[in-house]
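The letters A, B, C and D name the chains in turn, as written, and every chain counts its residues from 1.
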Amino acid sequence: MSTLGIAVIGTGKMGADHVRRIGRTVGGARVVAVADPDGDRAGRVAAELDGAGAYTDPAAALAAPGVEAVLIASPGPAHEEAVLHALERRLPVLCEKPLTPDAAGALRIMEAEQRLGRRLVQVGFMRRHDAEYEELKQLLDAGGIGRPLFLHCRHRNASSPAFFTSDMLISDSVVHEVDAARWLLGQEVTAVSVLSPTPSSAAPEGLRDPRLVLLETSGGTVVDVEIFVNCGFGYQVQCEAVGESGSARIGDGHAMVVQGAGRWGGEIAQDFTVRFAEAYDRQLRRWVAAAGHGRVAGADAWDGYAAAAVSEAGLAAARSGVRTPVELVERPPLYR
Amino acid sequence: MSTLGIAVIGTGKMGADHVRRIGRTVGGARVVAVADPDGDRAGRVAAELDGAGAYTDPAAALAAPGVEAVLIASPGPAHEEAVLHALERRLPVLCEKPLTPDAAGALRIMEAEQRLGRRLVQVGFMRRHDAEYEELKQLLDAGGIGRPLFLHCRHRNASSPAFFTSDMLISDSVVHEVDAARWLLGQEVTAVSVLSPTPSSAAPEGLRDPRLVLLETSGGTVVDVEIFVNCGFGYQVQCEAVGESGSARIGDGHAMVVQGAGRWGGEIAQDFTVRFAEAYDRQLRRWVAAAGHGRVAGADAWDGYAAAAVSEAGLAAARSGVRTPVELVERPPLYR
Amino acid sequence: MSTLGIAVIGTGKMGADHVRRIGRTVGGARVVAVADPDGDRAGRVAAELDGAGAYTDPAAALAAPGVEAVLIASPGPAHEEAVLHALERRLPVLCEKPLTPDAAGALRIMEAEQRLGRRLVQVGFMRRHDAEYEELKQLLDAGGIGRPLFLHCRHRNASSPAFFTSDMLISDSVVHEVDAARWLLGQEVTAVSVLSPTPSSAAPEGLRDPRLVLLETSGGTVVDVEIFVNCGFGYQVQCEAVGESGSARIGDGHAMVVQGAGRWGGEIAQDFTVRFAEAYDRQLRRWVAAAGHGRVAGADAWDGYAAAAVSEAGLAAARSGVRTPVELVERPPLYR
Amino acid sequence: MSTLGIAVIGTGKMGADHVRRIGRTVGGARVVAVADPDGDRAGRVAAELDGAGAYTDPAAALAAPGVEAVLIASPGPAHEEAVLHALERRLPVLCEKPLTPDAAGALRIMEAEQRLGRRLVQVGFMRRHDAEYEELKQLLDAGGIGRPLFLHCRHRNASSPAFFTSDMLISDSVVHEVDAARWLLGQEVTAVSVLSPTPSSAAPEGLRDPRLVLLETSGGTVVDVEIFVNCGFGYQVQCEAVGESGSARIGDGHAMVVQGAGRWGGEIAQDFTVRFAEAYDRQLRRWVAAAGHGRVAGADAWDGYAAAAVSEAGLAAARSGVRTPVELVERPPLYR
């Protein structure tokens, strides 16, 4: 059992988390290089590791000795260039979502992969690795509730960071439901509508929060997503699938029930790092195992592209107030 | 403590149920007359009662000795005439929903009440008398979850009767959510949209079942209603209110939890008579108590009118596929 | 449909409640006489009724015109005399629990009934009329979880009244579980043990609260009862039955789920009048229907006797600290 | 970051599992030697590893190059000798429970550690590493429900293996609750009683299954444990702590709720490998991190001894049918 040498591009909160995960919970892998425009930050992360180099240039990190795979956790606009560099070196890539901020960039990545004739890029939609989502997926695939008619989704954050914009409710948050819906249903999204209640007074001035985003799919399923990034009470991701013969709900998160002072109940997780900690671990373990064999074990570049295209339509629907169709290119054979 | 003499108009399933309820679970009231176009049926119901007369003509029943109040359980198209007769006699009325099939008929009833200068008509929206709905209403009124932003509603029946049409999903089923939303929020509905997944293969040929009905309200709340009348697994009415500082959900109906054969869970009620039995009882008890003092203890004629107007807009939205505004007359002083 | 004339003996909290129930939620019955040693209190209750007489002597109330049945809600030590008077007049009786404070008194009532050759006495163990208990009973009777091996019971009160003693935890509180267990299982209790943790500091000085009471039954089932009358957080009655092929739990009481401030959950009922309101209503309705035909529709005098005998053994076990067998007389044919 | 070299003693189901865990989910550790009396089995496990030696003699494995810590997963009777060998080499040990089958063996291990003056032995009570148990422990330690009065525990297996005996219900199964109760409460067990319903007909002939085991503790808490190893419906470990001001329950395991065919509910885990998979992972990660610094990160030899002593008293109580006190030696300073 040899260990896979990984270069981590981006050592902010997410990148540093991944470095820690690889050290602590993933056997068979080690970080051999890190890159960040902030060289001090890269250096601090590398110093915790045994013999890893620190770089400011991603390309230099990819060229470092022992690099066999790349984990990209830099900001979205930097993804395309880093992914293309990795593909030039035929390195397996795990790229944090979004693959690219727009559909056009994702198409260029798909073209590069097609030239190589191999899928090397995996996108970090980590819900596909969450135990509850997997249980729901297995139930749907087994026909346990019949053909799906609705997905009712809730996506709530206690509060949004200062830089969050009305567009990001769709492109940064609902994009998770877009991928989850596509994956759960095995269908593409064909149209998007957006309904907006009067914004919550708890939301920052000017932020259209919350919203109800409605997706229609190629298989005739309707998906409604409540996105509410300043709900105040915690982080909550729920999904109820309603099929022709039954329904199934995940995401209640009710492990310990406490009674006291006239009430029963429990705590709500405050953060995705609590809710999806294990999903991040499993994503990394699966990617390491697959990357060692040059394979993808999650969302691929097509999935990254489709998510970007639905996001673009969603933003248009939010602005216009009317239902907006989603236009996708024909799916290339490599991604079928 | 004297007892209130009630005439029951209509002795089908619903009317006969009400007669039994009055005898069994409502102190202080007795049925003194019943009317049904099917005189045999009226006679059979009357025979179970002590000294009640049976009639084929509703007007004759209203004129029978001892009649102090009227319960109308005839088919919807017969409601307007019966209500107007009762108003002529200044009798308190409990009228099963819908008050009238169309908004115009409800307006005529409102005019008759305004001429009398009194509200005598109560509409049988029994959810207002359900313990869980009342708990939710109290929480909202007390500001327990802040200003409401969303109501997420589920309304499911195991199967629909043979006569059920696509229109009735809205005018007969969702109308309950229309009234419940208006009552819970204290707001009027201002627009309706309808989204339709591919119909369930379990639905009868030609029935557009299920649907997602979206209501917008005068206070900026968005209400989504899944109506699914052939869900197969039972009768289920759920509502989650999401406010600026919290959420609250009713309708899970999880009393007994059973474990066996690798599974935990419980039974789902198969019928509204099970789920709302106690709400029907309480509605009757409250109406009897209020009617004795010439008062209304539930939805009034304005509520009946508003529900009919939203139904009309909902049917138009379902046909056109686009968002349809709801137009209401100005609310008369009697109903403020 | 004529109405059953009822004499109510005892017009304290419980008796006055019953009078209100009969007026409000029980069709086909009316209170025609009330008795209380406190004549003023009896008078005030009677004044709310239409033509009911007020008495200080129970015997006089039983002899009042129109009395066809008797509801006894006086303190336990007064029950035996009142029941025997009613039996002399061959009147159906609904007697609040306990039937008598000791087994010997209950035996004398059984003897009186046997002389009449009829069962006229029903004991107010209202859990037999609770919808959740009935659901559990039906499941057990249908073999839904196989032969019962355990009942795990929780019986909690927010706080105990000032007059409550350590003995009353068993004779007044656990006696409900004794009857419920006998009824659910169709078995007699054969031995009692009691384990006592260090008393809660929230319990009044000197009160042995909480306790764990262990019952063994004639069918080899083990019943454990947590009795905790100063738990602080509410009124809670739960029961999990564990059988050879499954388990079933009632009493969670989780109707509305609220989320806010980092927590999910709901309210806990604070009082048995909330938790068992409907059971009291149904008990009265069933008794009125049965009493009209001279029948019993709930626990009978044998059940009252058996509960008293188990209580006596429980008190002995609590004092001695060792397992104490329960001795019952042979069950007379009238009660089989 | 160097990696800790581990010798694994015993390569049966449990040992092979641990080897896989170390390779897959524990960063910073590698297996360098395995031992099993069945040399072929040891060889097959070693062949999957990169450069690990296979041995039939545990002592030889401990002496292999690169061994820095020892994981013992051999049968219980072999533990004492292997632990003592490891202590001679001053190697950190993770020993599967029970530390030894009897209290006397555990005392000898404690003596060896005391001679070394260091605690090097950790016992594999993995519930201490389960997220739900940890949440409950934190709540209790923070006084969230006040001083604990009861622990109500359920421990159920779908079925027991062929070799399972009536004694093993206590020494092999309830021993987990013994350790969990000691750890949750920070108290020692002072007495044990056992109540036995008629055995389930689903249990093998002669097996006294299920049982109710009652523990009393030094702090006046009462612990009841339902142990039922042939419940048929799954693997279930639940615990409700009842304190002076509230209660808390873990172990419901209700992640996904499915509705269909008139029922709501979900699946019950069938196996401890599902329920406690993550606890085993975390136990290993914590032990690896602690062992690198010569520390213990879980139950120590004293905990192993106390569990063995309570087991011995439990077996005596089961045989005699009466409450049996637990006698412990004075706790040596090394373990305070």
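Criterion: a residue touches a chain if its C-beta (ideal position, glycine included) is under 8 Å from a C-beta of that chain, and two chains touch if they have at least 3 such contacts.
No experiment lies behind these values; they were computed from the predicted model shown.
For A-C, the equivalent interface among the listed pairs B-D, C-D or A-B is B-D, as over half of the contact pairs agree by residue number.
Computed centre separation for the pair subunit A/subunit B is 44 angstrom, with centres defined by C-alpha atoms.
The mean-CA centres of subunit B and subunit D are about 58 angstrom from one another, to the nearest whole unit. With each centre defined as the average position of its C-alpha atoms, the distance from subunit A to subunit D rounds to 37 Å. Within subunit D, contacts with two or more other chains are made by residues 232-233, 245-247, 254, 257-261. In terms of inter-chain touching, the protein chains here all touch one another pairwise. By the touch criterion given at the top, residues 1-2, 22-30, 48-50, 131-132, 135-136, 139, 144-145, 245-250, 252, 254-261, 278, 281, 285 of subunit B touch subunit C in their complex. Listed in rising order, the residues of subunit D touching subunit B in the complex are 158, 232-234, 236, 254, 257-268, 270.
Interface residues of subunit B, counted against subunit A in their complex, comprise 146-147, 149-150, 152, 193, 195-198, 200-202, 210, 212, 214, 216, 219-222, 224, 226, 228, 231-233, 242, 244-247.
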